[in-house]
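Below, chain A partners chain B and then partners chain C, in two separate complexes.
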Partner chain A sequence: MSDLIELEELPVEAEHSMREEIRRVSERMRGRRVATSRVMVALCGVALVVAAVPLVALLYQLFDKGLSQIDWSFFTHLPETPTIIAPNATGGVSNAIVGTIALTIYASIVAIPVGVLVGVYLAETESKLATSLRVVSQTMAGAPSILMGLFAFSFLVHDLNIGFSSIAGSFALAVLMLPVIIISTEIAVRNVPNSLREAGLALGAKSHKVSLKVVLPSSITGIVTGCILAISRAVGETAPVLLVIGGGFTNSWQPFDPVSAMPLAIFENAKSEYPSQRAQVWGIALVLVIFVFLLSLTARIWASRKQQVRN
Partner chain B sequence: MEQEIEIMTEIKSETTQVVTPAVRGAIAMQLNNVAVAFHGRVAVRDCTFDVAKNRVTSLIGPSGSGKTTLLRALNRLHDLTPGAKVSGQISLEGTDIYRGNLTVTELRTRVGMVFQRPNPFPTMSIYDNVVSGLRFNGIKKKALLDESAEASLRSAALWDSVSSRLKVAASNLSGGEQQRLCIARALALDPEVLLMDEPTSALDPIATLHIEELMKTLKSRVTVVIVTHNMQQAARISDDCAFLLMGEDRAGELIEFDTTEKIFNNPDDSRTLDYTLGRFG
Partner chain C sequence: MSVDQIPNAGLLEYEAVMVGDKPTVTSRTWYHWLLLTAVILFAAVSVGFVGTIFWSSFPTWAHHGFTLLTGKGWVSPDGPFGGLAMITGTLETSLIALVIAVIIGLGTAISIVFFIPRRFRTVVATLVELLAAIPSVVYGLWGLLVIAPWMEVTVNPWLNSWPFAKGIFGSPGQEFGTSLLLASVVLGIMILPTFVAISREVIAVVPQDLMEASLSLGATRWQMIRQVVLPTAKIGLLGATFLALARATGETVAVALVAGSVANAQFHLLYPGTSIAAWIATEFGESQGKEISALMALGVLLMLVNVCLALISRALVNRQRRILAKV
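Here is the complex of A and B:
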């Protein structure tokens, strides 16, 4: 009987001394922990400033130098070549704005349906074809964008002889957009819970119907966000269009006409010998940044609205 | 064929007076030595029993005994799982569902399913959810869809609370209402058999009670097969009961199949008694 009592008391004592030991050690460590924590928080603050300074400086310069360039004729007039008599005559950049919009629309018409379908296919099937498509699109996503321009130039402009045109530029942009759309669609579709697929199949739906009527609507937010991301990237790209669109000086929506684009206009004007044209660069850049910002803002608002409706 | 069976059973029951599963009346589904394996690893085997028409058959047993795996074989949901293989024979009204001339989509319209967690389509309204099965199968007539939506929601005891907000997103409903919506969605196809995989395990006691009452009323028009973890639930709602248990090689197997009354009162196998008395599991 007495043995039993001893045995029962022993672990209690042991536990007690362990508690004291933990308390003692943690007391000793407290000062060091507090100091480490403060240093880390300070480092985070420094990193934040380092990251924010260039960004704020860039935006400040953009608005400072760009706003004064923008007026109504900036959007409506074609560019003029400054002369010695009128060195400040730069005209507008309507051709570049029209060109960018046309290029983006043509590229999206091809890239969005193809990219979304391939993305859904990759997410919904397991096959050798799917695996190789995935590898190709992931490689393409990392490929330098000038490569798309080079390819469009040698294949469309040179080999097929269709000339410098917006169709060649949109081809290059579409190739650039495709991997972005494919990858984001695949992720969005994979995130749809399997229970919804099963629910559809258990109602006697064929698997392509489940993909189209259940999976696709459930992942539409992610897909649209991916598409808008791809569009914003295409709008700002210079390299793919540099070699193939020809820098046209008219407001042309025709696919086979040479056109200009905002990034290209920045590139060309920045090389100009006239200060007035070099100054105009900031106006074009500002419009481009606002354009991309509005696109991503639309995507965000749309996605959060959609989410709210569902909840 | 149906009538023949009924007549035969009548004669039998007069002579023997013992109600055994073989003499309960018409048979909806027959399982003969059914086994399911994933990548060669057997998950459940030795399942031979008949699912009687217009009765509730429950599959009970501890975790890992293969209840859900067996249930999903009944409407070929394992077809999607790579490496899954169903052997033995399962027939619906005499037609082998894996080898007979019954397409998998037709089978699934005749054998509906309600899942463990309510899974209404989140992008669809209540109305669209209910008629989704009909739409998947090509029915487009508005009048027909409207009629079916109301009838199915009434059958699922949901019409009164949602009739004024049919266009609202289904995710606005409570968990219990969502599960009843899923039942209505399955009923819209007018299935012969309704499979239910622990349909109340994600619900609170009151919602559970609603679903259980619903099942009792539903069996006049549909045969129900339900997997449940809850022995009291099996005892309350089912007419027949299959008890499964994990064997030594970790594969589930059918231990006993009989009327619920017999399984819970004087089962043949001692393990069944131990389980229903709560000695393990």
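Here is the complex of A and C:
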């Protein structure tokens, strides 16, 4: 209190110089704060650039080295093994493309219906089973994909003795896809407003009719988005199929034949001693990445369509 | 948005409530049975998933006990099977990768949320998510064919000129292009998009009021970020870190391609090494009987580590959500 009074009683010149002093100090502090802020903002920008450089370099090299490898025979011919006499004879990769498509289709046929049904169950009931399955599916969604391969190997190839085959590979991929589909279906179904359900029930419809004719149609975009994302993840996975599909050299759609797959062909040929084979790997990688990007973009467009319908 | 935020509609329970307090047999239609069949199928798959891997690894635990965790040598086909090299390799690669990804990723996420013009924000966010969708084998291929030769010629000699280089990186001349350090860098680049995507979402949901209050008190942009945004988002960012760590420990083919696939328990970063998941992938093709069981035991180890990390990350993200609900 006494300080305040003293301050009031200060001579005009002293008060003036004091204000000047305060202004100078605060100006200096402010200058320091602004400078720190600028430096840190610049550092964040640097982090953005540092993050972008390797990723851009990866994409650039993928297109640069991959495009020249792709021609018509790349898609239609079977692979050849280069020899010392013909070191450039690599052939095409049709077996890997056929294998990837077959594996993905078989896996989707099982995983999509089961995943969607489980997702609907988790969204529409409240029980201990549902709660624990939710935790299980969220944990499985992050599990290392090689474990799916170990599971498919010990269950199908070893215990049931069906051999290295595309059915074993698609089983592993289906286990990989299930949790992704379940989680996205559950979110999509829960996002359907309750008033729609109540309207259906009030009209006298049975709960399964409401679920099939009201809830599922209004959540279909979310479900389809989730399924496409699951497929795009399955297409690119190497580890689960590496252990169980056997790496066949023919174009086989048969479920019990050994097949190849694009990620597997990349993994095996990347360490090849022939430069021609190492170069061809970039072509396979480019096709694979374009395929995955197209799937992800389709999923995003579906998702944004959903938002537009909402609005 | 997460499942837990949306209330459950309980559609399939309405009828039971209308018919009486307990569900009666008549309220169960074919649709309920279909759903239940799918649920039982999924439950069986998940139990079988854990059960078969544990069961197949049983001979190893029974005969060799815990030498799998402490043993150094891996002698195929009859053992002994020591996993120390894979365990140390996994720890080294994923921790270095995590440090790289968190430092760069946090800056990137902050830049995307606060400093990039609004018009480009969705474009950049979409790009980040597309990059997260690139198959890991492609990162491995790039690391093996592009970065490894560059490391061997340019980076390794430069690193060897550092003080204490011999202790950290190993003796010059004995290292290869493919090394634990290369595996860590490639892993770091790989988990970066995942980390950025999650931490961007965590940062973006920090309430606008808090940030405006901070700015109105005269804080600079960085003061606002450091004193308001980061503390509010702290736990969610920790969750994102654990998720990235889980992904790094489980990553298989990229590490199998760039780490050099040598089971050698050591800490020199420029020597070749391997990780648990990568070792399973590289050894599985040529192994039989006992060795397969030992690889399954490594798989059990991987599963336990991963489940722990996933549960911690889930708990952290849920806690963040509760904190934000209070604010």
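What we mean here is this: the second predicted complex is superposed on the first by the 254 of 311 C-alpha atoms of A that agree within 3 Å, B and C clash if a C-alpha of one lies under 4 Å from a C-alpha of the other, contacts with A are read in each partner's own complex, and residues count from 1 in each chain.
One rule holds in what follows: a residue touches a chain if its C-beta (ideal position, glycine included) is under 8 Å from a C-beta of that chain, and two chains touch if they have at least 3 such contacts.
None of the values given here were measured: they were computed from a predicted structure.
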item: Touched partner set for A:81, first chain B, second chain C, both or neither; value: neither
item: First (chain B), second (chain C), both or neither touched by A:213; value: first
item: Contacts of A:73 with chain B and chain C, given as first, second, both or neither; value: neither
item: Touching partner for A:136 - first (chain B), second (chain C), both, neither; value: second
item: Touching partner for A:201 - first (chain B), second (chain C), both, neither; value: both
item: Residues of chain A touched, compared between chain B and chain C (which is higher); value: C
item: Contacts of A:289 with chain B and chain C, given as first, second, both or neither; value: second
item: Contacts of A:126 with chain B and chain C, given as first, second, both or neither; value: both
item: Partner chain in contact with A:271 - chain B first, chain C second, else both or neither; value: second
item: Residues on chain A lying within both footprints (that of chain B and that of chain C); value: 126, 197, 201, 206, 210
item: List of chain A residues in touch with chain C within their complex; value: 33-34, 36-37, 40-41, 43-48, 50-51, 54-55, 57-58, 61-62, 113-115, 117-118, 120-126, 129, 133-140, 142-151, 153-155, 158-159, 175, 178, 182-183, 186-187, 190-192, 194, 197, 201, 206-208, 210-212, 215, 232-233, 235-239, 242-243, 263, 266-267, 270-271, 278, 281-282, 285, 288-289, 292-293, 296-297, 300
item: Contact set on chain B toward chain A in their complex; value: 75, 77, 80, 82, 105-109, 112-113, 115, 117, 119-124, 132-133, 135-137, 169, 171, 182, 185-186, 189
item: Partner chain B, residues of chain A touching it in the complex; value: 126, 193, 195-206, 209-210, 213-214, 217-218, 220, 309-311
item: Residues on chain C engaged by chain A in the complex (per definition of touch); value: 1-3, 6-15, 29-32, 34-39, 41-43, 45-46, 48-49, 52-53, 55-56, 103-108, 110-112, 114-115, 126, 129-131, 133-142, 144-146, 189, 192-193, 196, 220-223, 225-226, 243, 246-247, 249-253, 256-257, 277, 280-281, 284-285, 292, 295-296, 299, 302-303, 306-307, 310-311, 314
